[in-house]
Amino acid sequence: MFEMTIADVVDELRGVRESWRERQERHDFANREFPSRDAIAQVAAQLRGVLFPLRLGPPDLRQENEDFYVGHTLSQALQTLAAQAGNELRFRNRLFAQNTPDIDAQAGEAIRRFAGTLPGLRRLLDTDVLAAYHGDPAARSVDEVVLSYPGVLALIHHRLAHELYVQGLPLLARILAELAHGETGIDIHPGAQIGSGCFIDHGTGVVIGETAIIGKNVRIYQAVTLGAKRFPKDAQGHLQKSWPRHPMVEDDVVIYAGATILGRVTIGAGAVIGGNVWITHDVPAGSHVHQASVQHERNTRGNPSAAPADVVV
Amino acid sequence: MFEMTIADVVDELRGVRESWRERQERHDFANREFPSRDAIAQVAAQLRGVLFPLRLGPPDLRQENEDFYVGHTLSQALQTLAAQAGNELRFRNRLFAQNTPDIDAQAGEAIRRFAGTLPGLRRLLDTDVLAAYHGDPAARSVDEVVLSYPGVLALIHHRLAHELYVQGLPLLARILAELAHGETGIDIHPGAQIGSGCFIDHGTGVVIGETAIIGKNVRIYQAVTLGAKRFPKDAQGHLQKSWPRHPMVEDDVVIYAGATILGRVTIGAGAVIGGNVWITHDVPAGSHVHQASVQHERNTRGNPSAAPADVVV
Amino acid sequence: MFEMTIADVVDELRGVRESWRERQERHDFANREFPSRDAIAQVAAQLRGVLFPLRLGPPDLRQENEDFYVGHTLSQALQTLAAQAGNELRFRNRLFAQNTPDIDAQAGEAIRRFAGTLPGLRRLLDTDVLAAYHGDPAARSVDEVVLSYPGVLALIHHRLAHELYVQGLPLLARILAELAHGETGIDIHPGAQIGSGCFIDHGTGVVIGETAIIGKNVRIYQAVTLGAKRFPKDAQGHLQKSWPRHPMVEDDVVIYAGATILGRVTIGAGAVIGGNVWITHDVPAGSHVHQASVQHERNTRGNPSAAPADVVV
Amino acid sequence: MFEMTIADVVDELRGVRESWRERQERHDFANREFPSRDAIAQVAAQLRGVLFPLRLGPPDLRQENEDFYVGHTLSQALQTLAAQAGNELRFRNRLFAQNTPDIDAQAGEAIRRFAGTLPGLRRLLDTDVLAAYHGDPAARSVDEVVLSYPGVLALIHHRLAHELYVQGLPLLARILAELAHGETGIDIHPGAQIGSGCFIDHGTGVVIGETAIIGKNVRIYQAVTLGAKRFPKDAQGHLQKSWPRHPMVEDDVVIYAGATILGRVTIGAGAVIGGNVWITHDVPAGSHVHQASVQHERNTRGNPSAAPADVVV
Amino acid sequence: MFEMTIADVVDELRGVRESWRERQERHDFANREFPSRDAIAQVAAQLRGVLFPLRLGPPDLRQENEDFYVGHTLSQALQTLAAQAGNELRFRNRLFAQNTPDIDAQAGEAIRRFAGTLPGLRRLLDTDVLAAYHGDPAARSVDEVVLSYPGVLALIHHRLAHELYVQGLPLLARILAELAHGETGIDIHPGAQIGSGCFIDHGTGVVIGETAIIGKNVRIYQAVTLGAKRFPKDAQGHLQKSWPRHPMVEDDVVIYAGATILGRVTIGAGAVIGGNVWITHDVPAGSHVHQASVQHERNTRGNPSAAPADVVV
Amino acid sequence: MFEMTIADVVDELRGVRESWRERQERHDFANREFPSRDAIAQVAAQLRGVLFPLRLGPPDLRQENEDFYVGHTLSQALQTLAAQAGNELRFRNRLFAQNTPDIDAQAGEAIRRFAGTLPGLRRLLDTDVLAAYHGDPAARSVDEVVLSYPGVLALIHHRLAHELYVQGLPLLARILAELAHGETGIDIHPGAQIGSGCFIDHGTGVVIGETAIIGKNVRIYQAVTLGAKRFPKDAQGHLQKSWPRHPMVEDDVVIYAGATILGRVTIGAGAVIGGNVWITHDVPAGSHVHQASVQHERNTRGNPSAAPADVVV
């Protein structure tokens, strides 16, 4: 039924691709030199099980055989990661016309260093789990938190992604982060630095930018943005790609739902940022910032309501 | 390539796990006594088909054989649920050092009561579907609403989860709720009570807390929060875990996108809450609450704009 | 264990279904005349690969064999789409008691026209990819953008869905849109018209309504709503289902996170809409609109903070 | 690496296909008019479960819900079968340039009649299971026989296939038979007529031809052939395709391993055919036929052994 | 289309099942008390990998991580086996109206003993692999033999099945054996005792009975039967179910294709049994047994051929 | 339950593996240098579809899009084959301590040559299909033959495997052959040379050896062996691995079921070999060879039957 159309469409699509590749100088690229989203998704599931075997591993795992599972699953995940790291490095080489020798060894070394950080990363995640358990009146056990809190899932992915970012694999890191973004609605750039005991509650709509720095024991609610205020351009009119442009949040800060904090500002230790507020300047340690007021008025049947309520969160 | 690293990492990870289990007193836990997220996800898919066989069941189902499908799928789903309920009850037993006799019978009884509520639950969901159909100018048929509206999916999960919550299975309920949260961005705690004819439009970012009570025919738009204002702690400094802290929304209320309502306040019947407003006090029945004003100014080229517009929604 | 319950529940569920079908006049409907969400999801994955074979196609694809892959995958996708289109048309026929002759030919013709738009659609998407690359300081390559940016995924789905909508297949279009909504939190109605070079950053919580019209090179951040202000009803009290009710956004506009624009207003070319603002009236070309002010005060230990900051975005 | 080869090979393969289709007059054939082996394999698995739900159905099936499973699975299997039957009938139409009206109704009717024979077929299979249980000293229970005896699997497939053959669907029947042949090494043509209480032990290498007729309570061992002796040709030199050419085996016959019986001969009731014998003529009722003799001789070291042993089986 | 038929067929099928269960006294059986063929198939694949990790395990396994894979896979396989063993024991209990206490402990103990035999079993299999390598001129390496020789697959299954048989789990053993029978056409009853260095070449049609005893370094070709000659019945006319009725084959015997050896006879050490011979009596050590003669005659055109050839194999 | 056992068993299994590897000098082998059976199985399914797209390809394929399917599937299959060929060549290198340069190029070249033979191979297979159609009175169409005859499946695999064998990839060839052996019971060594128009009917138990040479239009029935008579050993007592030891069968020969032909003998053109005969010497062209005689005698009730029947096939 579609025969002529399909042949024609295939031809036209090739034309569009060729035109794009010419403009983007992508014609000489070897085909495989790019990471696979599916491969990283599989690695993510494996590493979640490696970190929390009895909660996020297979349902029939028994404690006495955990180490076999952990070792086997870890070795599979690291092999896949090393191959994908090779893809990222080869792609970057081609992109920047570099000529790095022995990319596979470099990829293997990066993943070996990454593997060495996993125990410390589990320790960090344990502080996150406790922070969620203590910070949410609805949490009944730490086990429930590990299994079902989207904020914990987002932090597992972020802490893994940040290590890949640190090891020079920003693309793998980005894919890992976007997988959590898709599942949880929490969008943390892998470059962001987040201290121990972080609790992101509900989480949908949270955005944390590449150069954000977050201290210890910080609590963040849904729809909070830690963003950039403006993007300076260089002499050629291009965005300056690496440059500190997101907030620094010190220890023990609480940021309520919908708050927007923009630019390289500092939120001082212990500050409380109210819901929906909009902040583009430093906030002193210990201060409480809240939204001004709301008007409300009666509907067509009635008289307007009185003074704004006392809206401290 | 990673051999030494892997053996070492496995050892270190075990050390971290042991330290965590010691602190959390989790060392004696039997391994299987915890529900499985994958099992609950499968049950959710089965129950969606049981409730709406010709729309959410298998594509080749025919009306004359619906009952066979419903009966077979229901029996599979309930068996899995009963097993998972046993896991939750055994885990709770261990957690609180209780010694409940005959947990499997208790789990079976809870699931049997749950099963008995399904027909009423389908009746409730029919009112939700009609509310969406009548409330959205873009809806073309009730069938489209059942198949593709995320608000309906969230309410199917919620109404199932709430029954599990009522039957004493809060962890299964929570997993069911988080599955919908992940798919739709709508985060309804299973404890929330929601009346008939509920319509959640678009839905991403909606958060409804554990003790919220919502009347009939309530309409809620994206990014609405029905949250808690503060969490009192007990004498030991722990959060008080069960205690009415979320809003009560009466019948026929409309809450527009981005509105935040916090604390045990009452939104009176027929009230309309405007977009992005922030409410921490009671709102009288029939009132309209809207955001105050926006300033706008011309860009670098020009003069500031004039008076705030009339922004009644 | 559940035997009596199950037989009873099956009977009761049938009763509820019959009652619903009677009220909705669904009793005579042929069973298959409804599209399948799973089938559309498979088509979406296939068309993503057809449009960007080396980035969203199978990982082992090689450039020299792209056309075979594209042709084979396209023919599979179009056959499935044609069958699903037939389902939609037959369902609509029944719903409106129409009697369209030769539905399969009509469905095939619609899908053939749809197929003819794919090359142009890829060209449009290339402008979106470039817009994201140039608009995000964190983007390292156009390839990364195609693979991992949720805004790009949402636009791929939207541009495909919009063509189906134009071809008279609004239900297939809706399912395609909701699939992207579920994955990205970006909710674009298939009816919306979006010009080239669109960049939706982060994206979670974005809502764009059915009759919205967006010009070229528009940038939109997370949680932006382009919604309707009110829904007029007809003489019978039903919502008027098709009628221009969403904003028109002209070329080169930037809309920051959380902004809400409601009603058939025009945002003039080059305007910048600040974060969290609430707009229900026209905005002149070139203007900057920003939120008014935030108060902040010291916590219980201290004195309130001073003047609102200068909050131009 | 293969680019040029692949394009060339694809072209050449098309040439070969076109030449074949021209010679076989297959050019105008509609593409879908042919049954699918995978579809029939799925139907076979479903019908095995329908016939023996607690032994060959899903492992978690419970007796009290058997009917739901049976009804649902049967309706799926019959729908698939009806569609495949339509494929077979349309193909035959085209092959013989017939013009049968309303093929789908004809296919549906054939499958409805087939379905009506299933209970009787289960009754027959019960006699086969008992025959195996009583005939094999190694059998411990009838349940073991149903689950693990290849002869029973072959007879399930055969009895289903024979009904399809009788209903005018020889191609579906053939596929069903070959699926069992592949799994068990037992090759029974669907046309063969087999009475109750049949036991095929071990089974590998058994061949039973299209026009064979087998009575009640017949026992057959591995590598037995019930074949044709010669194939007469018609005036044009073509084989005469339908014509009684295989043995008739009366009740209570036992045929030991490796026996070959060829032609339209009759093996009289109660006869015992010894292993490896070769028979091309009638055998009277009650007779024992055995192989003549074996010589054996000592190896290079020694003197030949004596008289042939008494080799009655 | 089938509605009435299906309801009727379901009812009739239930009637047939009930009649069967009444006659077989199966009505009170608990539903789950029967092993699952799919579960055993999965265990078989896992144990094949455990025994030969780098040849029959996952393709990406690396030598340095073998132990993790072996340990993890073994623990999964043994857990499944223990559960299936419990099913077999509970079924047997019911069948024989026994009342064994603590079946799960008994099942676990049997599987623990089974596990302890695996290293010795691998050692035995290594001798089988070498025997195949040295016995087949077409074999190029031991690795090829492990990966692709059906005789080796059959012996892996048999040696595992025999241990289960010895541990009192004949039904699990039987299923394991039939899985290999289906794949290779080699039918070895789990009760058979087979010495080291066994080589079964080609294998299709080989049948080895329950009480056969085979010595070391025995070579067996396709279609060889080691069967029973007759089955004595007890006073009630039932077959005597356990009783030595199959051949004993001593060390270093070779049995060529198609040979049939029946009854409790002894084939002396070093004997060579020619193809297609039929043996029902003892064969002295060192002797060669071969088939007598073949006549051949010219076709209709010509004169018969002369004397039988010298047919020593 | 198994913890200690598992750790112990893992240790012991490693010990056995190490001992084996030491004796076989397998310790230094790189891990991946061995083909994967699963990968070859996938390639086999793909190539079956490439050769007969409308019969063995996907059920929804349409004739007008065949070339896209063929090209895409072929390119996938050849890439996998080239990788597996590299594995075989690297393994052989290690095994024989060779040092072949640039194995990947060599593997690619072998697979390119293999690909070039596919059109001719399809032509050959068409002659096989016609031979089956004309040779079997039960065959209703050539399409049925392609879809369901095990002999055709075995020849597809053999003709592919033989080309791999010719290209110097005997291990890939062997795996391909064993896959067909497992499915059909037909065991053809990839080295065997088989002319056009070959028909293997029923097929279970057929064995054709490595150096067999078969002419055109040969018909072979089940359980036929074309084997070796004896295996000469070299001075070291090892089997001589390559050396003509199987029969040569000239054009137009028919070999009936169970016939065994051993050694480097010639079966002259047009000869007919009867069922179950045993041949170890040349057979003149045009001759008919048949089995001698069978005795039969009455059972205990009666007198022996008379003269042997006239048993010409």
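Observations
Think of it as A, B, C, D, E and F in the order they're written, each chain with its own count starting at 1.
Note that a contact is a pair of C-beta atoms (placed from the backbone, for glycine too) under 8 Å apart; a residue touches a chain by one contact, two chains touch by 3 or more.
Chain labels with UniProt names: A, B, C, D, E, F = serine O-acetyltransferase.
Keep in mind that what you see is a predicted model, and the values were worked out from it rather than measured.
Chain D (serine O-acetyltransferase) and chain F (serine O-acetyltransferase) touch with mostly distinct residues; of the residue numbers seen at this interface, under half occur in both copies. For E-F, the equivalent interface within B-D, A-E or D-F is the one where over half of the contact pairs agree by residue number, namely D-F.
Comparing mean CA positions across the assembly, the chain most remote from chain D (serine O-acetyltransferase) is A.
With each centre defined as the average position of its C-alpha atoms, the distance from chain C (serine O-acetyltransferase) to chain E (serine O-acetyltransferase) rounds to 59 Å. Centre-to-centre, using mean CA coordinates, chain B (serine O-acetyltransferase) is 54 Å away from chain E (serine O-acetyltransferase). Chain A (serine O-acetyltransferase) and chain B (serine O-acetyltransferase) have CA centres that are 23 Å apart. Residue positions 1-2, 6, 10, 60, 62, 65, 67-68, 70-71, 74-75, 79, 185, 204-205, 223, 258, 276, 291-292 of chain E (serine O-acetyltransferase) each touch two or more of the other chains. Contact residues on chain C (serine O-acetyltransferase) toward chain A (serine O-acetyltransferase) in their complex (touch as defined above): 50-51, 53-55, 59-63, 66-67, 70-71, 74-75, 78-79, 82, 108, 111-112, 115-116, 118-119, 122-123, 126, 134-144, 147-150, 183-185, 202, 204-205, 222-223, 257-258, 275-276, 291, 293-299, 301-302, 305, 309-311, 313.
Listed in rising order, the residues of chain E (serine O-acetyltransferase) touching chain A (serine O-acetyltransferase) in the complex are 58, 60, 62, 65, 67-76, 79. Of all residues in chain A (serine O-acetyltransferase), those touching chain C (serine O-acetyltransferase) in their complex are 1-2, 5-10, 12-17, 20, 24, 26, 31-32, 34-39, 91, 95, 170-171, 174-175, 178, 181-182, 185, 187, 189, 191, 204-205, 207, 209-210, 223, 225, 227-231, 238-243, 245, 258, 260, 262, 270-272, 276-281, 283-284, 286-292.
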